[in-house]
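In the two complexes that follow, chain A is the common piece, with chain B as its partner first and chain C second.
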Partner chain A sequence: MADDKDVLRDVWFGRIPTCFTLYQDEVTEREAEPFYLLLPRVSYLTLVTDKVKKHFLKVMKAEDVEEIWFEYEGTPLKWHYPIGLLFDLHASNTSLPWSITVHFKNFPERDLLHCPCNSVIEAHFMSSIKEADALKHKSQVINDMQKKDHKQLWMGLQNDKFDQFWAINRKLMEYPTEEGGFRYIPFRIYLTMSDRPFIQKLFRPISPDGHTHTLGDLLKEVYPVAIASDDEAKRYQVVIHGIEPLLETPLQWLSEHLSHPDNFLHISVIPAPSD
Partner chain B sequence: MAALGVDCSEASEVEGNNFSCQKTADSWKRDIIRQLKHRDKSQKSMFQDVIRSYISLLERTNQQALITKGILGSGSRHLASSSDSLPSLISKNDDLKKITGELAYQVVELQQEIRIKDSVLEGQAVRMCEVQRSLQGVQSDYGGLAARVAEVTEGNRQLKREYDALLERHHDMDQTFRVEKVRGQELLEDLIKRKQHAAVRMNSRNERRVRAREASLQKELETAGKLNVTINVKKRRGNSVCLSLQEDLYAPVGICVAARVPARALHVLDAHELGINAVRFSYSSNLLATGGTDRSIKLWDVKGGMLHNRGTLDGSNEGITSIEFDPTGTRVLAGSYDKSALFWRLDDSVPKLTLTGHSRKVTAAKFKCSMRHVVTGSADRTVKIWDLHRAACIQTIEVLSYCSDVVCSEFFIVSGHYDRKIRFWDSRAASCTQEVPLPGKVTSLDISPDHRQLLSCSRDETLHVVDLRMNSCRICFRAEGFKCGCDNTKAIFSPDGSYLAAGSADGAVYIWNINTGNLETRLPEMHSSSINAVAWSGSGEYVVSVDKSRRAVLWSDI
Partner chain C sequence: MSDNAESPTETQKCDPSTTQQPTEDSGTTDEKKKIDVLLKAVGDTPIMKTKKWSVEKGRTVQSLSQFISRFLKMEPNEQLFIYVNQSFSPSPDQEVGVLFECFGSDGKLVLHYCKSQAWG
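Moving on, here comes the complex of A and B:
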């Protein structure tokens, strides 16, 4: 159990070194220097990039500034994905620090959502939690909570307060013992080479005959392509929080300990690097 | 990292197959833990310090930049403003214009306010002026009122002074009054003393007279005593020698044979000081007595067609109502308003007797046939009979009505009354024997010399003659213009009993003839007021009439 607590802490405090560079076509008064920052894996881009915005606004005229947006190597980065997910999905095997380009103009309306203020991020975060709890407990636990508990969850995430967050979140990780687990496991599998944004399906952690499902079982069920057959070379990596858990890891344990703060298991399937 | 991961997974897979379930459980967990640790090492820890120091450096440079900006701020700002582009200048100009416009608007507003305040101030100044004016007016009023107050106090002081002076004068007057009162009292005492002296003198005079008479009597007695008188031894009985009080009762009485009707006035004079009520001739001589309101009886003598005053009888305290002579002509009886009858002897002017007893005025006093008795009739509804010798009332007859006149015959007393009746009284029995009604108040009675006829004058302007023998047969005498002047008008028989005379209110004497019943003559113009009484002399020659205005007229036929 102390190991479990360590796991939770390690998951919460994960960081990615990032270098923000202003897009060269942005009109500046003087040379814009790149900005380096350690981004938390579990947070969202627009929540933690205030310093970046301030840094780059210093060198820009106010009339040239529109909504900030980020892109990595041409791909606009969706702010409503957790930062860790974005890194794992796009730049997990590249050299660090992660280089993100900052844009202030030409917002890509078709690719990104607008994020005018933090309450948008909060709404998205809370809706994700509710969706997860709907899958896990038929929304009973989240609905029994008071508004201040919901607020506490968001404030914990916003202010990077592990204890504050987990004081409430542990209730969401409980399950009636006779069940053996959640009703369904909230997960999303993200693919790089696909036109589908992600795969989300109903999946029970315990089989009807009492057998605990593993990550492998999930993948076999939902995206069997990800699992390599014995004789083939591994073509895909299944990455959660920047690590590849063994396929026999129980899904229930994974959902409890390796979920993001929004209670979802965000799983990235990326092509294995060919050395 | 990826390679490591693959290795780890492979190793763990191999291990997992060989070991028990629990170990398997632990292995994948351990693997995860290990992987996380590795990840953090490579991703976080290596960059953490670098980025932290980088960020702090960045902040420091930013601060320094700000500071330098601040120092150079003023200079840079000027440069910045001068290097501002034209549109900004224009906008600044517009702003300034707007500001000036606003200021101008404010100036206008403030000027308006100033104007308003000025007008308010003016109003206040005006009000202040008014207030000052009213204050002045009030002050002048106050001055005026103060002056009036001073005046009034001065006036009060003056009044007080006058009052004090008057008070002093009053005191002085009081003193003088007291002094005068004392003097008055002294004078009164003086007067009383003098009267007393006069009375004493009169008394002494009377005493002297009495003494003189006594002396003369004494002398006569002496002379008589000196004379040798043969005294009859035989005493005469019956006739007692008495002195002067008892006189001869029967004196020779003259009888008038024929009365002469008077035709003209011989003498007109104002006989008294006030009105004359009664007049009477003496039976035997031409002696006339008149009496009236002036309380005295005057005696007159007719000589040469003129009335000469022979004396005055005093003694009445009030007016005389009736006069009667006695048959001898030496004594006079008078009734007076002072409720008494008076009796004089003609040689004395002082009344010999005063008969008092009536409670009201005595209207008539007559001698009864015997000289001793007097009959008085009075307004107190009584007739009294008096004894002269005792000077006392011996009988009082209630006659029931105001008695205006009384006459006496031998047997009865006749009285006339205001209740329009003549009553006959039996003197001895004091009872009314007869009543004769008349149409008016009886003012006077007269009896004819032969005592056969009774004349009454009544207020209805008529005279009635009653025959005393028959007591009923009456003759009524009237005349045009004859009016009774008062309640005491006297009508008389002529001495021969053939004429009636009466005075009228119009100042004329009317004379009727009894036998014919007609008016014989009328004597006007001598009197100016109503005639109270007439008298016919015993000789029948003269008639005297007296009136209210103290005039007496002597008439005769010549």
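Moving on, here comes the complex of A and C:
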């Protein structure tokens, strides 16, 4: 359907205007100007910030530079989370551009994974896709692909090539007609006010009696707090790619169209803004 | 990422019929509950003498990986790869409890470990 394909493109080409500022305590030879960049929602910080790094390295001595890491209002940003998820979780409902602070020292070992090179990002990305397919197809589709197909998924993401990526990814979005959907839906629900990183459980897109599960059904089952009852004010927003999908949206449709390139639905539950 | 140094509890040795049931907590947080993990060596990676472990749900893959490395007396520069379902490598910060919920079978989570990349 033409409309549905447009959704795939809108998701892929989503961007967040960002302002990168060097942490004030970093040692520089002269003043560091902020650096502005449009970040792809569906990519990863360490994959798309070479220009940022180069910009700040121009004013620093090599001995003052260690592994780069990013922080927003005191919170270290996990590079292995998609950029759009980080924004929705930490900076939704704030004014643009998103202000990120850049560090080259005191890497926060407890909060962040190291990212010494792009192959680490590739390994993480491919593992996520494999985990998603284990849930959707018992790994049958991903295992039937050749190594070059796996490589094409990564190259498509790395080089921002929608057609190249979806030529392969469309196979991961198929399912036997008689099943009506994937075996289980790959999803993660992230909560701002929680010490657990995210909620991930087994959840079918279709109930045993053939009823199509919606986003609302998923939340009622795994995080009912997110849904306000009729008589109370809405306390939380349920956000995917910066928007609040209707709770009546079928989960199977969401999985096929609003998943990230890693084939997971990354859902943020954040406090609703008080007007 | 660092974790507390507490080691997983050893369950009854290897015989599935005597496996200790995950301990039930009286209504306290999920993090106190434990799940059973079965560790399987791949290729010529050394086999752990004790394969079955009772691990807290909130324990990370990285923490478990460090435990296995210490147990096998591996060198600091040696890498250890952990696999679920013989198909994917979970993120080091992933909680074993979540992996158990999604990929556990017969009451346990089977994890394969290897000194080299086994399944890419």
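Just so we're on the same page, the second predicted complex is superposed on the first by the 275 of 275 C-alpha atoms of A that agree within 3 Å, B and C clash if a C-alpha of one lies under 4 Å from a C-alpha of the other, contacts with A are read in each partner's own complex, and residues count from 1 in each chain.
One rule holds for everything that comes next: a contact is a pair of C-beta atoms (placed from the backbone, for glycine too) under 8 Å apart; a residue touches a chain by one contact, two chains touch by 3 or more.
Small disclaimer: the values here were computed from a predicted structure and weren't measured.
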{"item": "First (chain B), second (chain C), both or neither touched by A:Arg15", "value": "first"}
{"item": "First, second, both or neither for A:Pro197, with chain B first and chain C second", "value": "second"}
{"item": "If touched residues of chain A are counted for chain B and for chain C, the larger one", "value": "B"}
{"item": "First, second, both or neither for A:Thr94, with chain B first and chain C second", "value": "neither"}
{"item": "First, second, both or neither for A:Ser207, with chain B first and chain C second", "value": "neither"}
{"item": "First (chain B), second (chain C), both or neither touched by A:His80", "value": "second"}
{"item": "Touching partner for A:His124 - first (chain B), second (chain C), both, neither", "value": "second"}
{"item": "First, second, both or neither for A:Gln140, with chain B first and chain C second", "value": "neither"}
{"item": "Partner chain in contact with A:Asn106 - chain B first, chain C second, else both or neither", "value": "neither"}
{"item": "Common interface residues of chain A - those touching chain B in one complex and chain C in the other", "value": "none"}
{"item": "Sites on chain C touched by chain A in the complex", "value": "1-2, 58, 84-85, 87-93, 95, 98, 101-103, 120"}
{"item": "Complex contacts: residues of chain B adjacent to chain A", "value": "1-3, 5-6, 9, 12-13, 16, 24-25, 27-29, 31-33, 35-40, 42-44, 46-48, 50-51, 54-55, 58, 62"}
{"item": "Contact set on chain A toward chain B in their complex", "value": "3, 6-7, 10-11, 13-17, 35-38, 51, 55, 58, 93, 96-97, 234, 237, 241-246, 248-250, 253, 258, 272-273, 275"}
{"item": "List of chain A residues in touch with chain C within their complex", "value": "80, 109-113, 123-124, 126-128, 130-131, 134-135, 139, 142-143, 147, 150, 184, 196-198, 200-202"}
